[in-house]
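The following pair of complexes shares a single chain, subunit A, combined with subunit B in the former and subunit C in the latter.
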Partner chain A sequence: MLSARHTAVLLQLLHLVWSVTDGSSSSGTPPAPLVPARPPRTKNGPRRAEQVELLKLVKPGAMNLSCVLDDFLGATPDTIRVSWERDGVEIAQSEVTVQRADGRYSLRKEFFIERPGNYSCIFRNDTQEVTKAFLVTAPAMKEVRDKPVVGYVRDSVVLTCKIHPAPPAWQWYKVNGSEKDAVNTTAEPPRYKVTDKGEEVALTVMNLTEEDSGSYLCVALYLIAPAEGAVHLRVITFVEPLKPFLAIMTEVLLLVSLIVACELRGRTRAAQATATAGPENGRNVSGGEKAWPEESNGVEEAATRQRKA
Partner chain B sequence: MVRARSREPAAAPDGGWGWVVVGVLFVTSALVFGLIRSLGVFFVEFVHYFERSAQAISWIASIGVATQQLMSPLGTALCNAYGARPVVMVGGLLSGVGLTLASQATSLTELYLTMGLISGVGWALVFTPVVASVMQYFSRRRSLAMGLGFTGVGLSSFAFSPLFQLLVDVYAWRGALLILGALSFNMVACGALIRPLGSARTKSQALGDQADETSCSSLCSRAFVYLELSLLLHKPFVIYTLAVTLFNAGYYVPYIYLVAHSRHVGFSEYQAAFVVSAAGVADLAGRVIAGWTSDLGRTRLPHMLSLWTGLTGLFMLLLPSCSAPGSYGGLLLISLLYGFSAGAMTPLVFSAVPEIVGTHRMLGALGLLQLIESVGGLLGAPLSGWLKDQTGSYTGSFLLAGGCLLLGTLVLAGLPHYFACSPSSGVESPGQNQSPEAGLLTHAVCVPTLSKDLPTSGAENASAPLSPNLDDVQPRPGVDPSALTAAALQDNVGC
Partner chain C sequence: MTPEKKRNEAGLPDGGWGWMIVASCFLVTICTRAVTRCISIFFVEFQMHFGHDYARTAWIHSLVDCNTMLFAPLGSLVGNKLSCRIAVISGGFLASAGLVTSSFATSLEYLYLTLGVLTGVGFALCYTPAITMVGTYFCKRKALAYGIAMSGSGIGTFLLAPAAQLLIERYSWRGALLIAGGFVANLCVCGALLRPVAPNGGLTTTAASADSEDASEVRQGCDPCSWLRGERGFLLRPRFVVLAASFVLLATGCSLPFVYLVPYALDVGVSYQQAALLMSILGVIDIVGNLTFGWLTDRRCLRQHRGMCYMLAVALEGLCCLVAPLLQSFGLLVPFAVLYGYFDGAYVTLIPVVTSDVVGPSHLSSALGVVYFLHAFPYLFSPPVGGVFGLWSLGFRIGTMWSGRVRKGSVCSGSVYKGSMWVAECIKAVCAVAVCIKAVCGVAQCV
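Here is the complex of A and B:
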């Protein structure tokens, strides 16, 4: 079989060909060995095994990020080099060498984080890398409704947003095409009212018109970065629910008239029957209020009774 | 319309058009109680829109239910005067109008007035008269008819919650209330289906000349007769009402606290909700099965009622101890058993009323019963809540509720002739235990026919109105209702 050195040269050649066709430049890191089980499709060559941790921050501040690795892809060399990256760009002069201690490699570094980003520590040896990433973001809006809130013309409607923890300030925008306009709460006559309840904010839109339909953005102004949520408003006139209302009312009126008509028909039929049959059969049918002869049950019972009486 | 004969027998057809009236009960109980139970969807919207606390919003339902129960005697009195059909139609109209006006409400007070008061009065004018009509139409299969009719409540609460949520999503709460109002107008059509059995104006005819006068005393006496206030002096009725009030005090506690108790013991939200749904299904089954078995006539109705209420109380008492060890199966089993027996007692509570007061006073009795039992409901739930706050767990509340039910069962045993195998003279003639005034009004008409029938078995009575009833009403083994129902049916009920 090929010696290890031959293999390495062959792979380097292959990598070169590959990166040229890819159009991207190698970052100078050594090529990864071809292992049949896993396709090495990383642009930068070295295979990375990633762990990701999500961090939610509300304001800029110092954060201690600590990376711990039990073993480096199965191997346990005595020392390992670790460097830090922010958003894919290596932080200058951040590479240190870590000794293996207590069965693991651990490193901690304090960062002053000003804005959201992807902070990662990269453990590397000559051929491979293992990274652990910290995704720093602002909190996300809770309970975002995808269905629109419905309001009526000339009525008012309340749009709400919830987030945890409570931001220092809230801001509302109305989306107009591709732009957003800040909601003006001071215009006369008052059309918008913002109620800030810390973790929850409510925008009351009064005297609705159909132009008020659309998307509204509630923005929680955290110091680190704003967090957005979208609420959709649909303004309809009262004609819309009136349609099913009138439909059901028509159905009710039809039913009532049907029932009354059937009964009147039955009574006239019974009155005719008693008029022809004479008084013995019609003990129940004098007056207009009885409807027994209408149903077959009643007729049978009446006949039975007459026989047994 | 004055009839040639002042007394018309109203035999219960026990079938035929009666099943249509059962359908009417199904639809109206769905549109009244099923609707009330599913209003929770709206309350979330109201809290946002009116910016008031959840407690202030929950008053809407409380006012609605309280009005429905308080106005029940009014409903039955009007039914006595004018017949069930117009009263139910007006009630359906009012409840629809209330909800339709509520859709235009601009303040919480307006919601209280429209959804609470107006709809509440409408519901009162609908519910009790329809229940009474079903009971008039059935005598042999009364409990089954009631059980079937009441399944409307359970089935509709399953269907209405998602439906209301959909309506609120599409039309917001205003449009949804408007559509609910339209749905409630269907009760007008239901009311049109209630064909009167017999003369609708018997009670006013019984009043004779006084019906034409409009002086204060005649109005008062008419109101007295229509409201059946004389029942307040009727000992079996008082005992029964007391028992039912105790039942009501305990009945609703598990419905309110079962979910909270399950969560408290440590089960997940989903598991707790499933327990309640399972109990609801068992409730439906219990209503129908209990109605059917009690109509078989093997046991007397008060005994069956005691059986089911005793079981309900027992299962309530066992509920905390069966769920304490953390066994989900135990909680589920006990909840199923509780649901079944609680559902079983519901139709029997109503269908036992004619046995106690007689069919001709059943209407007023139902109204008064609803009014007085509401006291139990009003007291029971807050008391259980207070117990929970004091002791920190729901065990005390369940024990109290179970205790109330068992106490009510004991009170039920105080009914006259309870321990007899057959109610030989279970119904006292209306001539007794009444104020002299009302007695004079009805005595002259009622007593002669009654005194003919009670001592004898009635079959010997050859008068045409009487014997048909006996043939229709098949005497149950062990029960001898022929004397009492024949006598009771003799005086036909106003609706």
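Here is the complex of A and C:
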């Protein structure tokens, strides 16, 4: 999000810090300072950030930013200088002197904010600074799924994104390597369908193929800045869930056959036992249906064998 | 427990292979009741894919639940005529086929048919015969056996809810339904285990126990006229009529607190994590209630007073609902969840026990069919009322996916929840009175 100019400033500051800490002479002539004629802040001593406030905006507009400080690093001078910065660059002619009133220093300024950025007010005396920063951003996508959505070949799948508040428009992109292609909803035969429900948007991808796997970007086109969310799609064939299914069915068939076999074996053994025991049993014994014996000897033996089986 | 142990006076083993039957019934309860509850985890996926609203998607769950109970008499009929084993195996096959075909669904109506009807009927063919079989093997330890068997729904929901989530994440709902179909095929294994208890010299294909005075009715089962006279005779007994009426009222009331607890808690200012914790407590204590109450009412001192224990459990459940609208904080709702969960588990365990006490073991199969059939209509009509809030099952709530929907539900007026809680308590109080009358008339015991 840093512009080229800001990057240059940052690089120069880093270069300065590096040459100072290194102790060696700088490799070339120091570049002309791009910042205004104040001394560079790194020489003033540590800047202390007091607060950071997050602001969500959907469209450019005027905003009142107010900074309140109870005391300046423990001290309470009568007046204090305050200036404003946008994205690390001081806003020209923004410095004012604030009187201490009601036990605090307070300052309010109206800004016309056109794009996201970092607005901060800096309270400073000759040696130190205290800042309060306002981070202005577009809203963030809600409920982003980190796991991929799974779809099947020749089936359709629905990818959704949610954000609050409802943006003026949505746009879908498919990520191809390092580039993104806008999703074409008008091609024949229809493969993509976008359903815009305000705070929620759904992309239906029909007639899936394995090439449709990958990342899709849903972009909420707010006037201030677009908000992005990524949805991952994974397309698989029906063979994949079929494997565990067949494994379970095999297990079921095996167990059923095992149980039936054990029972048949127990039944034939009990039948043999009753045949050898003869009519002395007296009690009614029906084959091997009984798992547990009654008080008769022949069946007892068969049941013992059954138990061991 | 040695195999030489004598059978008790009623001729039932009270152990031995009976524990395998209990294990089989436990698995049947997991595969039917817990899977039914976990179907609601698929709702978001169905909603997204087919583009319908929540109320229409929720019909799937109420169809499955209702059909499982509605066709319970069919299950007990097949169990009586053929055998419980054949009933459960064919039910498992049907349910599995329903889930597998639903993985190819192209519309919500298709799902109504495959999931709602086919799977529901399959579950119905399994549920009643399996529960009946447990009753044929146990007498002294009947309540404990039923407690273990019925705890399957709570434990199953606990285990299957995260498993269903994982399957949906990996394979999407189609693959998850296919694998669920495979899992449900284990009902066939349960069916294979249901070895009938052979009464002395009687037919081995019925689920009846060796109750000598009803043995003749068992043998006449093939003749339609005597079947009507003999097996349906219990329907006209006053004790059974009162019991049946109390079950209808109970079924109408008992699902309401499960549906409304979380929105009610959110409405009185409990955070979402705490509300989910309340439901988890409810579920776990439900399982504890299943097991402990079953064991308790099997104790010799309490066995004679099983009817009173049942009445007590139901009355205390009703009492909890009575005071629920007065509970306005998390600290007060926790004891409510504990007590309500415990007595709900207790009552679920005792349904088959009390039914068998009232009608006798020989009619248990048909009576259970009728009892669960009476549960069907309340199950069908209370869901649409609760459908707006979208909270069916326990596992659904233990999962954390539904935070958005729950918050949406809680925005609706709190007076609806409070009103429904009062309705629930009135219903509970009425059926407690009904059961009291039944208890006063005297309860047949199996000592």
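Methods note: the second predicted complex is superposed on the first by the 235 of 309 C-alpha atoms of A that agree within 3 Å, B and C clash if a C-alpha of one lies under 4 Å from a C-alpha of the other, contacts with A are read in each partner's own complex, and residues count from 1 in each chain.
Throughout what follows, contacts are C-beta pairs under 8 Å (C-beta built on N, C-alpha and C of every residue); 3 or more make two chains touch, one makes a residue touch a chain.
In this text, all values refer to a predicted model and were calculated from it rather than measured experimentally.
Trainee: What is the contact status of A:Leu255 with respect to subunit B (first) and subunit C (second): first, second, both, or neither?
Mentor: both
Trainee: Is A:Asp70 touching anything from subunit B or subunit C once the two structures are fitted on A? First, second, both or neither.
Mentor: The answer is neither, since A:Asp70 touches no partner chain.
Trainee: With the two structures laid over each other on chain A, which partner does A:Glu53 touch: subunit B (first), subunit C (second), both, or neither?
Mentor: Neither subunit B nor subunit C is touched by A:Glu53.
Trainee: Could you say whether A:Glu143 touches subunit B, subunit C, both of them, or neither, answering first, second, both or neither?
Mentor: After superposition on chain A, A:Glu143 lies in contact with subunit C alone.
Trainee: On subunit A, which stretch or stretches are contacted by subunit B in one complex as well as by subunit C in the other?
Mentor: Comparing the two interfaces on subunit A, one with subunit B and one with subunit C, the shared residues are 147, 149-152, 155, 157-158, 160, 195, 202, 236, 238, 240-242, 244-245, 247-249, 252, 255-256, 259-260, 263, 283-284, 286, 289-291, 295, 304.
Trainee: Under the stated contact criterion, what part of subunit A meets subunit C in this complex?
Mentor: Subunit A reaches subunit C through residues 143, 147, 149-152, 155-158, 160, 195, 202, 236, 238, 240-242, 244-249, 252, 255-256, 259-260, 263, 283-284, 286, 289-295, 300, 303-304, 307.
Trainee: Taking the touch rule as given, give the residues of subunit C at its contact with subunit A in the complex, in rising order.
Mentor: For this pair, the touching residues of subunit C are 3-7, 13, 16-17, 48-49, 51, 100, 169-172, 174-176, 178-179, 181-183, 185-186, 188-189, 192-193, 195-198, 200-201, 204, 404.
Trainee: Quick check on the complex: what are the subunit B residues that touch subunit A?
Mentor: 1, 3-4, 8, 11, 13, 15-17, 48-49, 51, 100, 103, 169-172, 174-176, 178-179, 181-183, 185-186, 188-189, 192-193, 195-196, 198-200, 462, 464, 467-468, 471-472
Trainee: Along subunit A, where are the residues that touch subunit B in the complex?
Mentor: Touch list, subunit A to subunit B: 147, 149-152, 155, 157-158, 160, 195, 202, 236, 238, 240-242, 244-245, 247-249, 251-252, 255-256, 259-260, 263, 283-284, 286-291, 295-298, 301, 304-305, 308-309.
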